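Note that the chains are named A, B, C and D in the order they appear, and that numbering of residues resets to 1 at the start of each chain.
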Amino acid sequence: MEAMFPSIFYYMPPGNILPHQYIVGLVLILAIFAVLASYMRIRSWKVPFTPASVLSAVLFSKGSGGKNQGFGARASTAGKSTFHDIFLLERAGAWCEERIHTLGRGLVLWGFVLLALATVVGFLIDPLGAPDSAVLPVMLLGDVFQGMIALGAAILLLRRLSRHNLRISTDRNTWALQLVLLVLGASGATADLLSIGGFLAGAQVAFLVNIASIVIFFLYAPFSELTFLVWKGSLLMQETLQSESGKGREIAPQPQLGK
Amino acid sequence: MKAPDNPVLVIGAGPAGLQAAKDVAEFGVPVLLVERRKELGGAPIRWSYHTLAPDFRPTEEVMGPLIDFCQSNKNVTVMKGCIVDGYSGRPGDFHVRIKDETTKNITEKVVSSIIVATGFEHFDARVDPRYGYGRMPNVIGINELEIMLKQGRVVGHDGKPPKRVAFIFCVGSRDRSTNPWCCTVCCGVSIKQGIEVKQLLPDSQVYMIYMDIRTIGLWEKLYWESMEKYGINFIRGRVGEVYYTGEKLLVKGEDTLVRGPFEVLFDMVVLAVGIEPGPGTKQAAGALSLSLNEYGFLAPKIPNVHFDSGKEGIFLAGACVAPMSVEEALSEGSAAAMQAVKLGSRLMQKVPV
Amino acid sequence: MADGGVVQLGKDEELELGKEDAKLLETLSSQRKAKFAFGTTEDYLKMLERMKELEKKGEIIVHHVTDDYDPVGVRTLSGRVKKIPTRETWQHKSCGQCGHIPGYISAFYWIMSELGVSYVDDTNQTSCTAWNYYGSGTSNPVALSAVFLRNMHAAYERNAYPLIHCGTSYGDYKECRYLVVMNRDIRERVRAILKKVDRELVIPEELVHYSEWLHVMRQEVAARRKFDMSGVKVAVHAACHTYKLMAEDYTYDENILGGRRPAPTSSIALALGSQLLDYSNWYDCCGFGFRHILTEREIARSFAYFRKIRPIVRETHADVLITHDTGCVTTLDKSQVVPLAQGYRETIPVISDSQFAALAMGAHPFIVCQLQWHIADWKPLLAKMGIDWQAAYEEYKSYLDKVKGGMKPAFIRSPPRHLQPRPHTKAFRVDEPVMS
Amino acid sequence: MSEEEKKRKEKESSAGEEKGKFIIERRYVDDSRIIEPKKLELGGIDMSGRWGTLVLPRTLEDFDTEIYRDVEKLPRGGNIGKCWQCGNCTAVCPVAHAHSEFNPRYLIHIVKMGYTSEIKKHHEAVYLCSGCGLCSAACPKGVDPQGVMIAMSIAFKAHESELTE
């Protein structure tokens, strides 16, 4: 093994220029920025930032009335809703005419989630200190996940392209976001492969492109449709939680009389 | 080719008549232009149209050169305030009696052919009392709004600019109790005016209450722009009643897309009054023994061929045949002129065509 | 049958409803493809001509508006001059008014007595049954016509001219008269029925609503006005059945609202010097519309409030809404209870034109006009007219105590059952008033 | 019909009849138009329930364009003014074929016209949009209904207190 792969991280820039921890730090900072920017943007629409409401509902909601449920039940509701609506794409998938569309969305979503997990695991295993036999599977898995993102984004883009005609009018932002996703996934997946294949220079370019696309993604996402999806998704979950805890949507009272 | 000596008689000096007179005269053939009114230019001048749909061209730019030509060209003899009272003879040698409406003097003229372009009248909205036209302030016709636009000042009777304006389409059109035909231009003209109102009063809200929008051909541009650039709103439905509350106009109608009746207050209601054959057309038809169709327009021999009256030597042009826009009337005038010239040259050369 | 489903006259100008025609009409009506309409204004004028012919032939007796009745001519929607009798009238009461709005009739009688006009309040009157006719949507023209002619004969035998209080009876009788005159079959069947109750076929020359009587008498009424009405703002609701059924036979006047609304009731408000105000829903029903009041009282009540009362108050800010039919007064007045209870604040007193005129002439607001039976607050109106209603109410209470103590009630004056002989006075005039 | 369906139907019908059930032609009257106070008293007389019922008129009276202006300003809502109500969006919308209350064309119209009473009735349906984007591909005028639905759902949420009052 070690003979075959002298060192898989050789293509990375020297640690003194851009240590691995720096990259992780950068990503973390960008992620925090993205959350903050999303918060600001959603608040600018004069609506509440529902991810926070959902969190507080799960953690602190006391509820009222006989159907009031405890934390466990609330968490289970939230978990179920997350699993079905978000991870299984049941709500969105039900209305996507073509399966390929759902598949594209699913690949991007799952790719992202798994990539995040793999990155965390990869960070916990010191990439330069640990033996390659431990790093390699995680790394390869990460590549697969990035490939999933790239594939998903490609499906979404190709679907858009194939349907493109004079009448089509979809937002430029959607095109841009999907393109960023494609580049992000493809560059991440190919960097390792190029390195394994011995194309170090290519791998380095791919790596830099990957870093750049990650930066762009985090800077751009709060101002894209994703913010709306996060808002709406959590709004729907909040409604589910409310109805599950017996509060439900109250029937609109009669219009004010005597006006 | 030698032109015939007898002039071509053109009845009516609107867009179609003027264009016909100009074309014939430019061919070197003398023209006798008879107009019932005291001024040339027909409806666009008489009603002071501000601009013409669809490209907001000032009326004078289109009509001015035609009027100037007919007034100054030596081939054109203009007789204002006159009507054609009767005729006899054959093509090339028609004897027409022309009556001066004020002095009642009758002049006899010999003409080679006759082009009838007696135009139209706007529908009198008092005939359909539900809109309150003539009884309520701030209920006006598109012709009156056109005059206001020309003055650059759209105001209600109190001198204040309206905040909310409703245009009601198909007034006196497409209705068995008044006129069953479509006037073809009122959609485009109303939308054009709506845009002009928005340009003049950007804070106003303009609503178009319509049954169907018939901005045919390239006029569609107006319809799109009115929505996309000027934010004019369209309500599909017909108005049942306009009621004056003492301050504002209560418009009662149905929004057929919601399937519900609405009652909303407006500051001004503009009626897209239709087009109908005027008394001039009826009089000319009587004098020249032309047939009228069921609606009172002059009936061409074949409905698709407007210029052919079915009588040799008598040609039709413009809105006396069917409702039409100025652009169509100009073309029709030109087409009739061609027929007159063609007939004249055939009679001169005794060559069968 | 014509294409439009309107019954047209046959060649001999008879409205022949053969079996096939009747069936076809029924089918078309049930499919809502045709409405049972009684022709055009021209047909209506033909019907009047036909009535004259039948009289000449001796088939019917026409109860003419002779000079004995001191008639006044008014213009109708058809352009014809209609003769309105002013004296010796036979009061055809409404089946609803005495129970719901008693002041409506007592005020009218009071006005006639004040003006010294003789009238008959006959006990021998039946209800017109039109309620059932409209309520069920089915029609029995023979039965309805028989009731109509029975009442008309009751007036004829008293030598008094029928004056119809109820808008529905008025409209129904006009339709029945059309059928009886134009259709031989109906006429003969009605004649047979009348024979059984020993009555003859008498058709009045004019069918007259009491609001038309008030219309032609408005100057006399105004001459006896006791209060200054110039500050009183009035809105008028005309009853559907007076001016929408056989519309060509109701009074219009170019000087009153430009002839675009029925003249009566508006004219009395103007003659008394009050300010007449127009509103957008003037044409709409009061909400009584028979089928709805029977099955959908919630909707009738809501309609009366939301489509009539509220727009009237918002648009006119009038002090009073006057109308001329018991159904309208009742519905518009009583329908304000629930909205008021629910917190809607727009309200307006609703009284009949007779009550309004009597109040202006100084009638007692409670003993004669019976305002205590009305729901909507009439106190501001009385205050504005300058009537001390508190003193009047005290008077009324002591009057009630006296009645309890055995005094004869006086609020409905002893109705004359017989006419008094009197000399003939006035010459016929056509009413061409100038806007006051 | 299965047992379950029957039960559900019964439940639905009884729920629909809760208010104004004595009105003969009840099925023609919208729930939201019936006001039937549980407790209503006037001058010591109980008028609750049937005797105090009012049915509100269904007349559209307001052209209140505040939400429309908001939608125009929100992300992807800018094209709402271009809509001419052809119904292409609703025709292709997979959600509209399953849920009658979700009709993108109708939602756009009531927002454009500012029929607040209608928006009150239908605003919650906007969250049914799945974002599939078929409508935006079908729209002949470039309205981008999918984007407009996004803007609308935000605008409705921002105006929620007025819309549910």
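To be clear about the criterion, a contact is a pair of C-beta atoms (placed from the backbone, for glycine too) under 8 Å apart; a residue touches a chain by one contact, two chains touch by 3 or more.
Keep in mind that this is a model prediction, so the values were computed, not measured.
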item	value
Far-end chain from chain B, centres as C-alpha averages	A
Centre-most chain, if every chain is reduced to its averaged C-alpha atoms	D
Interchain centroid distance [CA atoms averaged], chain A/chain D, Å	33
Euclidean distance of C-alpha centroids - chain B vs chain D, Å	45
For chain A paired with chain C, centre-to-centre distance based on mean C-alpha positions, whole Å	78
Distance between chain centroids, defined by C-alpha means - chain B, chain C (Å)	50
Residues of chain A touching at least two other chains	257
Residues of chain B engaged with two or more neighbouring chains	263
Where chain D touches two or more other chains at once, by residue number	35, 56
Chain C-touching residues of chain D, taken from the complex the two chains share	20, 23-25, 29, 35, 37, 40-42, 47, 50-57
Contact set on chain D toward chain A in their complex	32, 35, 56, 74-76, 79, 94-95, 120, 124, 127, 130-134, 136-140, 142-144, 146-147, 150, 153-154, 157-158, 164-165
Contact set on chain C toward chain D in their complex	295-296, 298-299, 301-303, 305-307, 337-342
Parts of chain A lying in touch with chain D, wherever the complex brings them together	45-48, 91-92, 94-97, 101, 163, 165, 167-171, 225, 228-229, 231-232, 235-236, 249-250, 252-257
Contact set on chain B toward chain D in their complex	164, 205, 207, 223-224, 227-228, 231, 233-236, 255, 257-258, 260-264
